[in-house]
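Read through the structure below, which is laid out as structure tokens, and then see the notes.
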Amino acid sequence: MTAARVGVVTFPGTLDDQDAARAVGLVGAQAVPLWHADHDLKGVDAVFLPGGFSYGDYLRCGAISRFAPLMEELIPAARAGLPVLGTCNGFQILCEAHLLPGALTRNASLHYVCRDQRVRIESADTAWTGAFEAGQEIVLPVKHGEGRYVASAETLAELESAGRVVVRYVGGNPNGSMNDIAGIRNEAGNVVGLMPHPEHAVEDLVGAPSTDGLGFFTSILKKLVNA
Amino acid sequence: MSTDSVSRAEGTPDEPMPYAELGMKREEYDRVREILGRRPTGSELAIYSVMWSEHCSYKSSKVHLKQFATKAPKSEALLVGMGENAGVVDIGDGWAATFKIESHNHPSYVEPHQGAATGVGGIVRDIMSMGARPIAVMDALRFGGADQDDTRRVLPGVVEGISHYGNCLGLPNIGGEVVFDPCYIGNPLVNALCVGLLRKDQIKLAVAPGPGNKVVLFGASTGPDGIGGASVLASATFEDESHAKRPAVQVGDPFMEKLLIECCLELYAADVVVGIQDLGAAGVSCATTELAAKGTGGMHVDLNLVPLRDPSLVPEEILMSESQERMMAVVRPADIDAFMAICERWDVPATVIGEVTDTGRLVMTWNGETIVDIPPGTAADEGPVYERPLHEPAGQVALNSDTPDGLARPADLRATLLQLLGSPNLASKEWVTGQYDRYVRSNTVLAQPADAGMLRISEAIAGAEPTTRGIALSTDGNGRYAKLDPYAGAQLALAEAYRNVAVTGAKPLAVTNCLNFGSPEDPEVMWQFAEAVRGLADACRTLGVPVTGGNVSFYNQTGSTPIHPTPVVGVLGVIDDVAKRVPTGFTGEGLRVALLGETSAEFGGSEWAHVVHGHLGGLPPQANLVAEQALGAVLVEAARRGLLEGSHDLSDGGLAIALAESCLARGVGATVALSGEPFTDLFSESASRALVVVRPESFDELAALCFEHEVPCYGLGVTGGTSLVVEDVLEVPVEELRATHTGTLPALFG
Amino acid sequence: MARVIVDVMLKPEILDPQGQAIARALPRLGFSGVSAVRQGKRFEVELDGPADEAALADVRKMAETLLANTVIEDFTLRVEG
Amino acid sequence: MARVIVDVMLKPEILDPQGQAIARALPRLGFSGVSAVRQGKRFEVELDGPADEAALADVRKMAETLLANTVIEDFTLRVEG
């Protein structure tokens, strides 16, 4: 059996690509580097859009990246069902690309925040959260300056009623997100965006004092192997 | 009017030049004339004035800094010593680390955000220019009083600047300091440290060998940044009003710097770089003269080829511009295409602006005319050297006799503990550190609130051989101690950084330092400087850790009032097996708490005297380096044997604060008993001490190890419960400690 | 060589913490008489040619797709000079 | 009930990395004909009363001390409506 291949995208200014690739490798999947300027998804089975400051986060986070040649391939593929997880800057790009609704705006505190955050998995029926149980609380680091999720009242109502809020902050909201939203999914459940960083919570020795992030990677592996 | 060319200078030998406006002394100007055998052109004067400035030439400090080399302990670890962009040390298994600390004090006062941001950018480029991948940053900060108005302007901007720049680069921030003292009002200190990793055989140097090799300028374009001085020159030479008001503020573009990092690492991997230099202070002047001076001695540059952000810049301004995010490389002609292709892949503009020659002269042209023709070594290495007068400050004896012995001792030690714990210098720095990304790159083993930052190294460079090793870093400095005794103060700064590294289980290996002082033209400041350097050099020899590099920042004063002399010392250590790192504080219940080291009544310069009495006088704690080394040896060996479950050094605020912080680390209480006079036991700041916690069954082995190294070891008590209990003295719930500790900075800064 | 100004403001229903922080700071700094502050972005777009209809249509498209995120922001264009 | 607009732009000689990044991105997105972009801030200040001279002097002071960082930025005021 060949290993599940998870693409990890690098834009100019991407920071967490190696971390994401390492996490993919830790669960036994194969990380495939994808370059922003290529029109080529290299036939991967899933895509991880990592965090960072693509294009310096100038203009708005993710605003310039979403026009990258690679995104021209990724957007239709995601619409067709390719599993995609965007974390932090990756989430921002997914919103800018309209693969996910709403937007991520300046933290209410106006400060960048780096902390270990308790969150609740609200939905275990996505490609990236199958290894969790709904309602499970875990700890993941957040580290961002623009993570306050906002959307129109209708969009919020739709997200809530359709169970599309995937992860919610508990025990304190680090950025003022509406409804304490930390992550959401598209209707089909293949595209997920979240502000916290699972890839920084996968090893005892380094990163956040938790290995709870592993679940996102085992989820996609299980999903791909069973597919 | 046409450009001031060499031929024009020859024809107008008596034309007055604005050397004084550029900060040059008459004798210095005369020396330039002597070297050139004629008057310098405007461009040549620009080069000499910046290269011979205090900042670039170290003309006042050189005679003292020599001691770091002459007194250096023998160290097999030292691969590149002082004098390069940064020192490089061998950390084993084929790996090397390079690290350096540098000040950006004055710019951070003028424009806190950009000043601090470009301070980070500058030190990161120094590390890159050694051939390394930058892997982490730290920041040692000093501000005026926490409640002073200007601190409210400066601190948030500085923190935001460091946060924004460092976070954008994807470099974890793994430690630093935040210190408040009214002496820094108007003169905040922003000292930034960067550490990088490389393979031992991949060190790059700032040299330009090989005539015919190309000189490439790459990164951002050149604009009128930080050229206050040059504008004098430009307007004087060109009688052009529009140049008179060039800005002094440099604005950073961290995105460009991130691209530069990745681009440089690909250039190194492709082996298309012969020599490389970052552009910092003095920009193109510094890069060209230094590269040329260390190579075959000649270089030809066409200044018209320098890409400009502002087309109105004249040669003098181009030469002095401090635009950020620029690098200069020397490249073999055959490699130019490969070099350019890599730059293009990373969207980094790159331009060939000249080539290496064998003439021994640095020659620059502008519109076809020669405007610079100098022996580069005379600008880069043969600047003036001053042996400035020095004498002990008039008030020093009185200061030292004003001991804290007469200060009223507290009746309520519980209240004193809480008062200190919530005071700005000892309060939690989370308001600051929470704005820094400490996780990016996934190599951070320890960061705040640990005593030292620690990184694993095996995965820092893709494809390199794995290793179990890690590195630890700490920066420390205490201006009050140094004010009381600069010799001892510098030693205590080193001792504390050394101890902070050792408590994590890493063996201290090498030193960097940033010496922040007032004006060198003030003999009393010069005395403080000379004493501090002598103290640090002596201490490095005793502790066996060489100085690998650093930075001097003079003129930190308002009017004639200098800041406290503030030597900030960074120590880098290595741990053989990073999995054996010792976490900070009380990590579990039922552990035995031991105090290592000896306590005597030492309150001069202490946090207690400062916070409770606003008093500064007497002598600082004794710097006993032999005891420090013995303590370090115990800590490193105990960690290696896996004896330590947690540790914490004792420093500002003494045992009381160390106990409180240890409880706060994981929310675990403790019950301890004191054997001596409680106030002294709790608040004295005697050096060379640490707290450790061990499993009960390991205590005897720890005690035996201490005995072997002649380090006093006192069993204080056990961890557990929800309060810190000092038997018969005080009891405070951990939650009350936490509220006191974490409330202060948010209340001050929002 | 015309210049087009694109002003981008958060939609009124979206929380603007920056504007609020400024409004809150004003009384402390001794300014009274301000009921609200909102903070937005201003872009100066320099055109190679004149700001004719085709060029303006182009800038409008640029504003819609890039300069503003119309999920949360409104924008206005105007030619300067 | 008057509204004063404060436009804050980086001084022309100061590096504007945001504007540069946008300008560099435009051709890739299919927009040509733009020679430069600069990005600044726009504040809408709502006054309790009319925008008379005293109020404007106040807003000018506010712009100088709070809204703009005059070390690196210039600002202009105008009354809207």
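Here the chain labels run A, B, C and D in written order, and each chain numbers its own residues starting at 1.
One rule holds in what follows: contacts are C-beta pairs under 8 Å (C-beta built on N, C-alpha and C of every residue); 3 or more make two chains touch, one makes a residue touch a chain.
Source: prediction; values computed, not measured.
Undergrad: Chains shared as neighbours by chain A and chain B?
TA: Both-contact set = D.
Undergrad: For the pairs A-D and A-C, output the one whose chains share more C-beta pairs in contact.
TA: A-C
Undergrad: What is the distance, in whole Å, between the centres of chain B and chain D, each centre taken as the mean of its C-alpha atoms?
TA: Taking the average C-alpha coordinate of chain B and of chain D, the gap between them is 36 Å.
Undergrad: So what's the Cα centroid distance for chain A and chain C, whole Å?
TA: 30
Undergrad: Go ahead and note the Å separation of the Cα centroids belonging to chain B and chain C.
TA: Here chain B and chain C have centroids separated by 40 Å.
Undergrad: In chain A, which residues are in touch with two or more of the other chains?
TA: 55-56, 58-59, 64, 67
Undergrad: Mark out which residues of chain B touch at least two other chains, giving numbers and ranges.
TA: Within chain B, residues 253, 255-256, 347 contact more than one other chain.
Undergrad: Residues of chain C touching 2+ other chains?
TA: Residues 66-67 of chain C touch two or more partner chains.
Undergrad: Could you run through all the chain pairs that touch each other?
TA: A-B, A-C, A-D, B-D, C-D
Undergrad: In their shared complex, at which residues does chain D touch chain B?
TA: 10-11, 13-17, 20-21, 24, 69, 71-72
Undergrad: Which residues of chain A touch chain B once you look at their complex with the stated criterion?
TA: Residue positions touching the partner: 12-13, 15-16, 18-19, 22, 52-53, 55-58, 111-115, 141, 143, 145, 197, 199-200, 203, 205-208.
Undergrad: Spell out the part of chain A that touches chain D in their complex, as residue ranges.
TA: 55-56, 58-59, 64, 67
Undergrad: Of all residues in chain C, which touch chain D in the complex?
TA: Residues 7-9, 19, 22, 25-26, 29, 31, 33-49, 55, 58, 61-62, 65-67 of chain C touch chain D in their complex.
Undergrad: Note which residues of chain D are touching chain A in the complex, please.
TA: 17-18, 21-22, 25, 28-29, 39
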